[in-house]
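Got a structure here, written out as structure tokens. Questions coming.
Naming follows writing order (A, B, C and D), and every chain is counted from residue 1.
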Amino acid sequence: MDDRFSSVRLEAFSDGIFAIATTLLVLEIAVPESGFDDLWQAIRDHWPSYLAYTTSFFTIGALWTAHHGLFRRLESADARILHLNLLLLWVVAFLPFPTKLAAEALRHESDDPERAAVLFYGGALLVISIVMTAMTLYAARRRDLLKEGVEPEELHELSKRIRPTAPFYGLILLLALVAPRAAVWLFLGLALASVIAPIRSGGRRPSAD
Amino acid sequence: MDDRFSSVRLEAFSDGIFAIATTLLVLEIAVPESGFDDLWQAIRDHWPSYLAYTTSFFTIGALWTAHHGLFRRLESADARILHLNLLLLWVVAFLPFPTKLAAEALRHESDDPERAAVLFYGGALLVISIVMTAMTLYAARRRDLLKEGVEPEELHELSKRIRPTAPFYGLILLLALVAPRAAVWLFLGLALASVIAPIRSGGRRPSAD
Amino acid sequence: MDDRFSSVRLEAFSDGIFAIATTLLVLEIAVPESGFDDLWQAIRDHWPSYLAYTTSFFTIGALWTAHHGLFRRLESADARILHLNLLLLWVVAFLPFPTKLAAEALRHESDDPERAAVLFYGGALLVISIVMTAMTLYAARRRDLLKEGVEPEELHELSKRIRPTAPFYGLILLLALVAPRAAVWLFLGLALASVIAPIRSGGRRPSAD
Amino acid sequence: MDDRFSSVRLEAFSDGIFAIATTLLVLEIAVPESGFDDLWQAIRDHWPSYLAYTTSFFTIGALWTAHHGLFRRLESADARILHLNLLLLWVVAFLPFPTKLAAEALRHESDDPERAAVLFYGGALLVISIVMTAMTLYAARRRDLLKEGVEPEELHELSKRIRPTAPFYGLILLLALVAPRAAVWLFLGLALASVIAPIRSGGRRPSAD
């Protein structure tokens, strides 16, 4: 028995962190006592929280999809993959904090905190996207780690679907300098597109598992 | 290896979110410092929190039962099921927020916040019920996704036990317009009935697994 | 495929709730800003929080041990077991609230809130103990649910090790009426004894799995 | 069927607690309302929280690596291992509290709370390291618990990589008496080294699983 890590356990540990980070996002949403005088209004006023929660939820959802697509093709993981995966989880488990900051900043009148919070939030999303792409491209070069019957081309294909998000995040971050509010909507759009895109191609190739 | 998702991993990720959302519900309950002067009284005064916690707990419990009933019959999941499942988890992970709102509103004297909070809460429960039904009915039409030996009729049967909750939620939401407090008790009753109902029929059919 | 539930999924869902409830207990512990003037003192002053955390942690640990002992002998679960298990999880997921109340009450000078909080807390522990015993005794009567090679006697044996906690909890609750503080220490002792006891006998019977 | 515990279930329960404790660490980070006037400044001012979060994250990451290395070599676990594992999880699930204390103390001007908080935090890390080492050394002596084909030498090898952390923690704790701030950076360095070290040797031995 050598020191390689079973991809099953890595995936189980990662899934645990994905599921918990996703669920914790909502703990931060709270209506202050004064909001109960006009609760409909207070519920409506919390739209930035729902927006930030939804964006982070579907970003992690798309990440889980890509992560599962990678790990079910791996027979085992080596040191590099374990390190990249820990780095990824480190940012994912941290995400509830920038998410909360972005939601709170969007409720403020002034533009300055909005810009700071959205850049901070988008920076975390960008790092997640880069690490996930790096991990997939690395695995594509390590044929010995793949399951029998899996071709490196499949991982290249997978990385082509994950990779475009990084430059998009870059562009949205530039936009956030002048229009932070619009940037958050684009982050949401990118997350939803990432959830939908990789699977559409699944419909095109209806071969057996 | 194609892009279909293994139903096992989907179920594991979903179970994680179900378990966490269930457990987080109780974090919101807190007795204020002043409550310690007469703690029995304070414990009793928190009945709306226990009611809301219990309702959401057994609603998720019933959902877990139906979700498990569906996924253990699936061999794999396609894009549509993955999307519907993410939509479902998005509402489930959000549920602690309306649960907390409902509990807090029930402790207020006035009727207005109660109505708003209960409608918001019931709306979330209604969406959960509709998405779960849609996912089951869709799977019943996709014979190629089912495990060998599973008949589409089993899924129709399953959907017949899930489906009635949606119109019930609609009726209770109408009632909530005039009697929000009674509506929460009916939500609890519906959750308990959903937990008990699908299983009673399990006793009627004692065939081997 | 009938409606029986696989014991594996039930156990996974239960383990999730056990792990989360255990971990959430510590979220409630916080040192107020003023405590930082003399932090050693503040850390020491929080002993009731550590006591309550430790008691609940090992109570859930002992419960997990007994729960695992039962479910690994089950082939499948019927409606009754699913219901009892949901009831059990409902109390376990609720436990962080009475745990927090007990910790806070022990920091108060007066006896009254202590008594109320400890009775409330001990009541939850008693219910957990009763439901776990009932579930084990019920399973011992349902030979058709057991895995091949498992004798009902093993479950009777198991229940004999779980059962004694219920009357003990009853006695400690009586004591809590006059000495609530001592009662919490006894709850801890009972939890530790339950963790240690069932396993000692494992050493006595070193047969193969 | 005897009373030995399957190492699979023990590992699943432990992984759950590791994943949750890791993720909860970030819940404690919050920017006060006043921080939104200059949010970049407020985000920068929170560096002690990021430092403490990162240290605890990679400490648990390294622990997970060692824990997985031990348990995948075990066929089953006896009473001693179950007890040591519960002890380990008891400290791990408690870790978010000293982590929070350390982060808060580092934001204070005065040295006294810093010293207390860092000693308390480092003490928890030291206990984790000692219990993990004890568990590995114990398992190395119990050949009957190991999977077929696993040599006790592998566990001695494993313990040699875990063991050095305990005396290091001791040294850093001594340093913390005079320079608590530097000590936290060393705790982080130790955690990162522990994550990287055990795996490097995995690259050296590229044998099949």
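Assume a residue touches a chain if its C-beta (ideal position, glycine included) is under 8 Å from a C-beta of that chain, and two chains touch if they have at least 3 such contacts.
Here the structure is a predicted model, which is why all the values come from computation and not from measurement.
Residue numbers at the chain A-chain D interface: does the shared fraction exceed half, giving same, or fall under half, giving different?
different
How far, in degrees, do you have to turn chain C to put its CA atoms on top of chain D, rounded to the nearest 5?
90
Hey, how far is the Cα centre of chain B from the one of chain C, in Å?
25
Could you check chain C for residues that touch two or more other chains and list them?
Those would be 12, 16, 20, 24, 27.
Connecting every touching chain pair, does the picture come out as line, ring, star, complete or other?
Basically the chains close up into a ring.
Go through the chains and record each pair that touches.
Every pair of chains meeting the touch criterion: A-B, A-D, B-C, C-D.
How about chain A: which of its residues touch chain D in the complex?
Result: residues 1-6, 9, 12-13, 16-17, 20-21, 24, 27, 75-76, 78-79, 82-83, 86, 89-90, 93-94, 96-97, 100-101, 104-105, 108, 112-113, 116-117, 120, 144 of chain A touch chain D.
Mind listing the chain B positions that touch chain C in their complex?
Residues of chain B touching chain C: 11-12, 15-16, 18-20, 22-27, 29-31, 36-40, 43, 53-54, 57-58, 61, 64-65, 68-69, 72-73, 147, 149-150, 154, 195-196, 198-203, 205-209.
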